[in-house]
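Look for subunit A in each of the two complexes below; its partner is subunit B in the first and subunit C in the second.
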Partner chain A sequence: MTATSDDIVITGVGLAVPGLGGAADLLGAPSGTDGFDPATGLTGREMRNKDRASRLALHCAHTALRDAGLVDADGYTGDRDTTAVVVSSNLGTLEGLCQAVDTIAEQTVVGLSPLGLPGTSSNVVAGWVAIRYGLRGPNLTVCNGATSGLDALYWARNLIAAGRAGAAVVVGVEPANEAVTRMLGRPSTDVAAALVLEPARTAAARAADGRATIGRYARTADLAGAVAAATGGAEAIGLRLTGADLEARLGPCSGALGVLQVAAAAAHLSGGGRGPVLATTGGAPEDDAAAALVLTACGH
Partner chain B sequence: MAENLDIEDLRAMLAQTLELPLAEIGDESHFTEELEMDSLMSLEIASNLESRYAITIRDTDFAQARTLVQLHDLVAAKIEERSAA
Partner chain C sequence: MSWDITGMGAVANLGATPEAVFESLCAGQETRTPLRAFDAAKYRAQYAYEIDDRAEPGRDEPLRASRWLTSVVADALADAGLGDDLTDVPVLVGTTMREQRSAELWWRDGAGIGPADLHFGTPLRRAFGARNTYTFANACSASLYALGMAADLIETDMADTVVVAGADSMTESAFGTLDKVQAETPRALRPFDESHLGMLMGEGAVAVVLQRAGTAGRARARLRGVGMNCDAHHATAPDHDGITRAVRDAHRRAGVRAEDIDLVMLHGSGTPRNDETEAGVLAEVFADAGAGPLMTAIKSMTGHTLGGSGLLSLVMAVIAFEQRRVPPVLGLTDPIKQAAGLRLVRHETVAAEPRTAQIDAFGFGGINAVAILEATR
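For the complex of A and B:
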């Protein structure tokens, strides 16, 4: 499929998944070298006093922006006024909130630390990413259950298509911590992925490579309905990403899942893999909905 | 019970709050220009100092102290004020 001027494409991909290097590692066995290590990757001045989800997000957002050619030594080189940040996270602020509630119960509000306050905001991750790069476009968090990650891609795409944003950084993130493990009833994992979305014409104007084009999306009560609506029932699918394989390898990915799947799709398509790619999330008995998103290769 | 003032305790508190190695907190390191202290970190430090030394630090007082040595002088003066009262 050839990209048209109205298409919205992915121009940058970044991951923060322990042991994995790049998005291609999501498609098969990790290359094993230079994999992400939270012990060293989440430190540094820009990470100080931030909750773990924000640190993971800042790490992968930087990789994605660098991949897109949108950062240099002075920071973000795109249009700061019109760049959006859209984050998907279901459990990212759980630990901060639990700690705040515990502290209030034990010591009243005088025991609260000012530094912990931002971590109790459900939009904290999107806020820190915007502050780090001076991004003043729309800024929001999608906290929408199983479909959250694909929903975030859809909303970011819509912000650009509607002219509300000129580009968007989309992050899906879930941190590993005790509160999340208690909530899930099984060990949690650090998982985060970031994508940079731009209109195809903007990417072409600055000679940036499009990795994949965002195609049709649907969110319905059941998986079959979402798939039928997103594919139109007609297109032959080159690769199906249900998320089950990723969660089997990485553990529960929750709100990060859809963004990780799209990162994998971008790696598949930009590596010459057969398209289109169909990513689906949700649809299990415990989920309230299912979402499907089609991604196609970028034309040159 | 308020603690006795020791500049090394202040250095350790700054290092912990700013998440920086102890060695980076020099006596004359500028809080904002060199250590990149922001307003939330300032609030945290002021609030820690208040409870540790049983003193009251106004925002305007804290804004005058821009290095470890100046902060030490500020806290010492506040402890003096408290003892005199």
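For the complex of A and C:
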């Protein structure tokens, strides 16, 4: 497929998933070497006094920006005024609020830590990512249930297509903790992925590699409807990445899921795998909708 | 380009329709009440601007924000003359807390809440068959962010009609942490007054129907543009430069000059940092705009309704256009020095004929959204 002037492509991918080294590890058996370890990967000055979801997000955002060739020793090298941040997370702030409720009950508000203030608002992760890299474009947090990660990609694309942003850092993140485990009813896992989105012409102008092109998206009542709307019923799909397949390997991914799927799609397509890739999430009985997103190989 | 606002719904401490809320704002009475949502003995702050609709006094219930949201969306659709089938209509909801109050009640009291209850797509699907729904947790600029992205959907031909909403109920964790952090404890929200000590939370929900210009017969007002950005400066404090850029971006998108604005619905959260920063920015923006616009701050009577507060301000601006009057900033007797040159409405409602309004909304994470609205009368 040839890039058109309106295409929006993925130019950087980063993961923070325990044991995984990179997005290619999402497709097959992890190589096992240089896998992410939260015990060592979430340390350092930038991580201090931040909630776990924010630390996971900062880790993978940095990898994605480096992968896109958009960071150097002085920080972000793209246009700070027009770079958007879009974060998907459903459960990232859950533990903090549960702890605050317990603290208030036991000690009144006197026992609360002022450091918890940013985390009382569900957009805490997006704020920290913007501050870390000086990203002053639109800053959006999508908390939209099972489809949230794919929805975040859709809105990042919309912000670029509408001319509000010249690039976007998209992060999907969920932390592992007791509150999340109780809410989900199964063991929670640390999962995060980040993607850098740019117009194809911007990527071409700076000779950056496009890993995949964002195609059609739909959010509708059920999976069959979402797939039909996203593919138009016509396209032959090279690879279908279902949320269930990925969660069977990684554990529950919630708001990180769609972003992880698109990271896997980018690895598949940039590795020469057959496209297009169809990513689907949601559609379970408890979900309010299902979503599908098509990704294609980048033209050269 | 411009967009028609064809229907509105709102609920807050002051009333359950936009007109009722506006009427109460114009009455200019103190509206905050003793804290009832939580055990007041655990907090320094003893007042809030709650919607007191619990079945049993003193016993909080889950899913109140979802309930209010469903109600205001139904009202906005009826006002627009549309049915309540949203199968093919996108719904964009801006919120600070989502249903995190329900999660608190789940954690502490075992309320029957699951992951699908935390976002608003679930009640919107149930009530209206809506599938194309989005919950944006964009702090206290959320509903104006949602409005801007709704306008984008129409501009890029992805929709002709979009429902935009905001909803929040107070959470213990946020009310408590703010209470802990504020150096002094406010007894009321007093924006731009020397006596301001900080923010007190309110509750509410608000919805508008946004349509491609000319799609519907009657437009109650016309949206001219929304600017949105991020300070990338501080996790919770506002930033002069970021807010200035958001205001100027909104003016540019709307194709208006500062002197064209005749009403500003202020963010006015009553924290000294917000009020000083917002007043300072507006003093600069309107420095060469003659007498400058009238300004008011509804949080002085609604409290800070969080994610929906920007859209609630916008709905109040529509009614100010229609009724040709602007309610006062309650309790403003001694304006802070940064606001000295601003035409803040004080003491009582004033008669006025505003045609173009600017609506401010700023949130944690340094995220700002500013909308420009035009009268259709």
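Here is the rule we go by: the second predicted complex is superposed on the first by the 300 of 300 C-alpha atoms of A that agree within 3 Å, B and C clash if a C-alpha of one lies under 4 Å from a C-alpha of the other, contacts with A are read in each partner's own complex, and residues count from 1 in each chain.
By definition in this document, a residue touches a chain if its C-beta (ideal position, glycine included) is under 8 Å from a C-beta of that chain, and two chains touch if they have at least 3 such contacts.
As the structure is a prediction and not an experimental result, all values here were calculated from the model.
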Given the touch rule stated above, what does A:A100 touch, subunit B (first), subunit C (second), both, or neither?
second
Of subunit B and subunit C, which one contacts the greater number of residues in subunit A?
C
Touching A:R219, do we find subunit B (first), subunit C (second), both, or neither?
second
Is A:L117 in contact with subunit B, with subunit C, with both, or with neither (first, second, both, neither)?
both
Contacts of A:R206 with subunit B and subunit C, given as first, second, both or neither
neither
Applying the document's definition of touch, where does A:R45 land relative to subunit B and subunit C: first, second, both, or neither?
first
Can A:R240 be said to touch subunit B (first), subunit C (second), both, or neither?
neither
Taking the two structures together, which residues of subunit A meet both subunit B and subunit C?
113-114, 117-118
Residues on subunit A engaged by subunit B in the complex (per definition of touch):
45, 47-49, 113-115, 117-118
Report the residues of subunit B in contact with subunit A in the complex, numbered from low to high.
17-20, 36, 40-41, 43-44, 47
Subunit C residues touching subunit A in their complex are 38, 41-44, 95-98, 100, 103-104, 106-108, 114-116, 118-119, 121-122, 124-125, 131-139, 145, 148-149, 152-153, 155-156, 158, 171-174, 176-181, 228-236, 242, 245, 363-367
Using the touch definition from the top, list the residues of subunit A that touch subunit C in their complex.
80-81, 85, 90-91, 93-94, 96-98, 100-102, 104-105, 108-110, 112-114, 116-118, 120-124, 126-128, 130-131, 133-146, 148, 151, 155, 158-159, 161-162, 164, 179, 182-184, 219-221, 254, 286-289
